[in-house]
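Consider the two complexes below, in which chain A is the common component and chain B and chain C are the respective partners.
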Partner chain A sequence: MPSKHSVGVSMPVKKYVHFADLNARQRARQLLDEGSFHELLGPFDRLMSPWLTQQDIVSQSDDGVVIAQGCIDGKPTVIAAIEGGFQGGSLGEVAGAKIAGALELALEDNLAGIPTAAVLILETGGVRLQEANLGLAAIAEIQSAIVALREHQPVIGIITGPVGCFGGMSIAAGLCSYLLMTREGRLGLNGPQVIEQEAGIEEYNAQDKPFIWGISGGLQRYQTGFVDACTGEDLDAVREAVITVRQQGIPEHHRSDRWEHFLALLHTLDPAETMDAAVAKAMLTRTSAEDDTATGAQS
Partner chain B sequence: MIPSETPTAMTNRGQCWFDALSTEMRSIPTPVASLQAAEGELGAHPCHLLLVKPDPDNLYPRARQGEVGLLEGWGLAQHLNTLIEADATQFETTASTNSRITRRTIVALVDVPSQAYGRREEALGIHQALAAAAGAYARARQAGHPVIALLVGKAMSGAFLAHGYQANAILALNDPGVLIHAMGKAAAARITQRSEEDLDRLAATIPPMAYDLKSYASLGLLHELLDVDNADQPSDQDVRQVKHALEAAQAHIMAQQDRGLSHRLAGKNRHASREVRAQLRAQWRTP
Partner chain C sequence: MNTFTLTLSAQERASSALLTPTQVGCVASGDLEVMVEPHRHPASEQAVINIQSSGSSSAERWTHIFQLISQQQPLPPMRMDIHDFAATPGVVRLRIEQALEMAQSSMTQPSVNQPNTPQEGPDHAI
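Here is the complex of A and B:
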């Protein structure tokens, strides 16, 4: 609001907004074109987990997922934003069904000639163990819906932290048409504690933060070909990146279809070498330049 | 593999059932040694049987006991996509002249103890390898291949997502050795800071948390539970019965128009999954 002391015409100063500091609802609202945000199954619908209260766990009125329709750059888009602050962004029956259902409706739009794309804001540890098998089933349905929708319009994943994207939803991330990360984001299948428990501390030390960030952070994931961009941390940078990849349309080769590239690289493993970020980078960039030229895949 | 929960030697049920079901099939090469494939007929329909199995010489040590790891994920993707492309080409060139040409049925034989947990796996992007496999199975189903998952042992978490969970129909042996879950009980107890006894107590009233097949069946995700005499060493009668069930599932799938997974929503303990979809649809805006 202009101050009464201001003189003449003042230019609005664009405020720096750190994307990762926003909650799921703010993220969805701010990524969409101004005034276009329409939330579905919002907090007032109070569709909550039927399983958490039975375990004396406080449930949340949106079950930790915000679904919103709107436009990005004028084009119809549905956003599913996971709230990392509720149960670690974990997916139970309702949260998972909201994402799968939204993607299924976006597919129906496309089959009816409406080019709705999807943006998934992934802030999740994966399956909510208190609803274990229904979380896992929902994630399988989300994966199915991504594979169907990405034939029509891009499905764009965003991982900015602080929780990162792990478990079954990291597999869903790997199915997206495009993946965007920031340096603060992390992407991996198994959470550090679980790996340490299952494989032993000699294999994986969950306290070794530099190592974990080194292999799963946004910059490394970008440099080793697992995401399409490592963007700045601010809202504008993230939004610009979404618009850019959306304009590229359906990728010629989805990342999940690059078996030839990855199988060839995986066979170059030196079993005697201790794996770290530098070793992974050397391995995964070894022949990628030639491969990309040959297949026309993303850089 | 969760060593603390499986002190006995590996039963290797996957291999047993693969051998029993493929006696009249021919062996098909696969991209990696931990995958095994065979092809023949199911009923009168061409069928491709696919197994993820232990490979003691796996270049990646954390995937030597039947886990789905880097090579398994990408290997499944390559194998399945090659099959999908081959049938798509054949379908396009001959379907108009020969109505009997159809896309092969794919049977995923599931006995996977877990995804591979390890340092190399994370650094080299195991999530992407599993995405490739899950995506390939989803593509196969959506392209019109009847895809059936036959669960004869463990079907755990990420491993099951990559190998089996995208099927049109999931069949499981009705046997305590068949385990479908997001996480083993010991690990789940540690992560949720509960005791295993607490988990058992909760599971008694919360079916999605339970580790038994009856609770799982109440979620509506299974096509059929199959009673067999010996899940470890199937008898001839067991094999005949399972083949018959696979044929029936195949016929059921081929009679459906829908290539999606909406048929999984009918379970008595999936009320919320249906309700969410109904309300989303009611609130969805179409320009």
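Here is the complex of A and C:
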């Protein structure tokens, strides 16, 4: 029987690639099938923020967002990757419009019979404060586009990297068909420093890393049902997780359809009680039977 | 923020048309973005460098950096854009040299048909 491998060609040793160490463009390129990466509105299109320069802030040629078309596991995919290093991955008018546009492009594909899915690599603090309402409007457009596209093909969010995913983009993450996180990732509406500033350091110490990751880190978010998988940190693990959830197709119930369940859990929260990771986990993993009791007690 | 344009006479006779458009780095704390591309008009023999820099850097400082670089390697005729976010002179030199090397090397062409070749894309970090 002839060997499948040609003689004399040694297979290359698979290199460990830490996904979070890659920049946004590398993350998009490496997640896509080899050679299929095709960037849209790249650096040399110079679609930059018109607002940062007016505020004396150096802008970036791609406004911190990389949009690429390609294939994952042979299937058409559009990727939007946010560069956490540039302005904390914050989204202004241009960056936000690029992501919304990419999702709308995928929707057009689907309406034309091409089953294009979307992957969002979310390392972002949310709205870029220097662009205020334009950033807010852009994030609203992203959220609408996610909701429109997820009826046709999965929208898969990945949260990794030192910045985490916060602000309006944490809501966008919650709208995704599937949400993946690495342990290092963090997900929350308000960032730890904002909470510390509002609640006081005794209540919430943003420097206390075990505490912060205990509350908003990938493992806790997975154990409490906010994400579908807490993956390993390496590129292959992330890529495998994307392929796995994509094969599951459109979920029967989107996480955001379960808002009543989560709201009922929130109603059981006693603000007088000091929250730590264990208390938060216990509260968020109560079964639905307990929910009913809790909701009943509230009403 | 300061903006400068330096126009240096290129030391290399080669046409800038041979350059591959290349982007490296990021406008992140202590880092910078460097973009290199050929001139729209191939006849131009100058290295035109557009710089946006945060903080209080001066045109003299940037001229000095390019003098040091051009002692190591001749500058090709090109358009270069720099978006600097308070990078140290060491990081600035590394990024500029990285961009020039990649723009002038055929390695920047992603090898589609050779899956075993490492992909040294234009975005490859140091």
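Assume the second predicted complex is superposed on the first by the 266 of 299 C-alpha atoms of A that agree within 3 Å, B and C clash if a C-alpha of one lies under 4 Å from a C-alpha of the other, contacts with A are read in each partner's own complex, and residues count from 1 in each chain.
Note that in this section a contact is a pair of C-beta atoms (placed from the backbone, for glycine too) under 8 Å apart; a residue touches a chain by one contact, two chains touch by 3 or more.
These numbers come from a predicted model, not from an experiment.
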After the match on chain A, would you call chain B and chain C a fit or a clash? fit
Which partner does A:143 contact after superposing on A: first (chain B), second (chain C), both, neither? first
Partner contacting more residues of chain A (chain B vs chain C): B
State whether A:29 touches chain B only (first), chain C only (second), both chains, or neither. second
Touch test for A:247: chain B only (first), chain C only (second), both, or neither? neither
Who does A:114 touch here: chain B (first), chain C (second), both, or neither? first
Now for A:44: first (chain B), second (chain C), both, or neither, which partner does it touch? second
Could you tell me if A:262 is touching chain B, chain C, both of them or neither one (first, second, both, neither)? first
After superposition on A, vertex chain A (C-alpha centre) with arms to chain B and chain C, in degrees to the nearest 10, comes to 110
Between chain B and chain C, whom does A:285 touch in the aligned arrangement: first, second, both, or neither? neither
Could you tell me how near the closest CA atoms of chain B and chain C get once both structures are overlaid on the shared chain, in Å? 14
In the complex with chain A, residue positions of chain C that touch it: 1, 21, 23, 26-29, 31, 33, 35, 37, 52-54, 81, 83-85, 110-113, 115-116, 119, 121, 123-125
Interface with chain A, chain B side, in the complex: residues 2, 31-32, 59-62, 70-71, 74-75, 77-78, 81, 114-115, 117-132, 134-136, 138-139, 141-142, 157-158, 160-162, 165-166, 180-183, 187-188, 190-192, 202, 205-210, 216, 219, 221, 260-261, 264, 269-273, 275-277, 279-281, 283-287
Chain A contacts chain B in the complex at 38, 40-41, 45, 47, 49-51, 54-55, 67, 69, 76, 93-94, 96-98, 101-102, 104-105, 109, 112, 114, 127, 129-141, 143-144, 147-148, 167-168, 170-175, 187-190, 193-195, 197-199, 203-204, 215-216, 221, 224, 226, 254-260, 262-263, 266-267, 269, 271, 275-277, 279-280, 283-284
Residue set of chain A touching chain C in the complex reads 12, 22-23, 25-26, 29, 34-35, 37, 42-44, 53, 56-61, 64, 83, 85-87
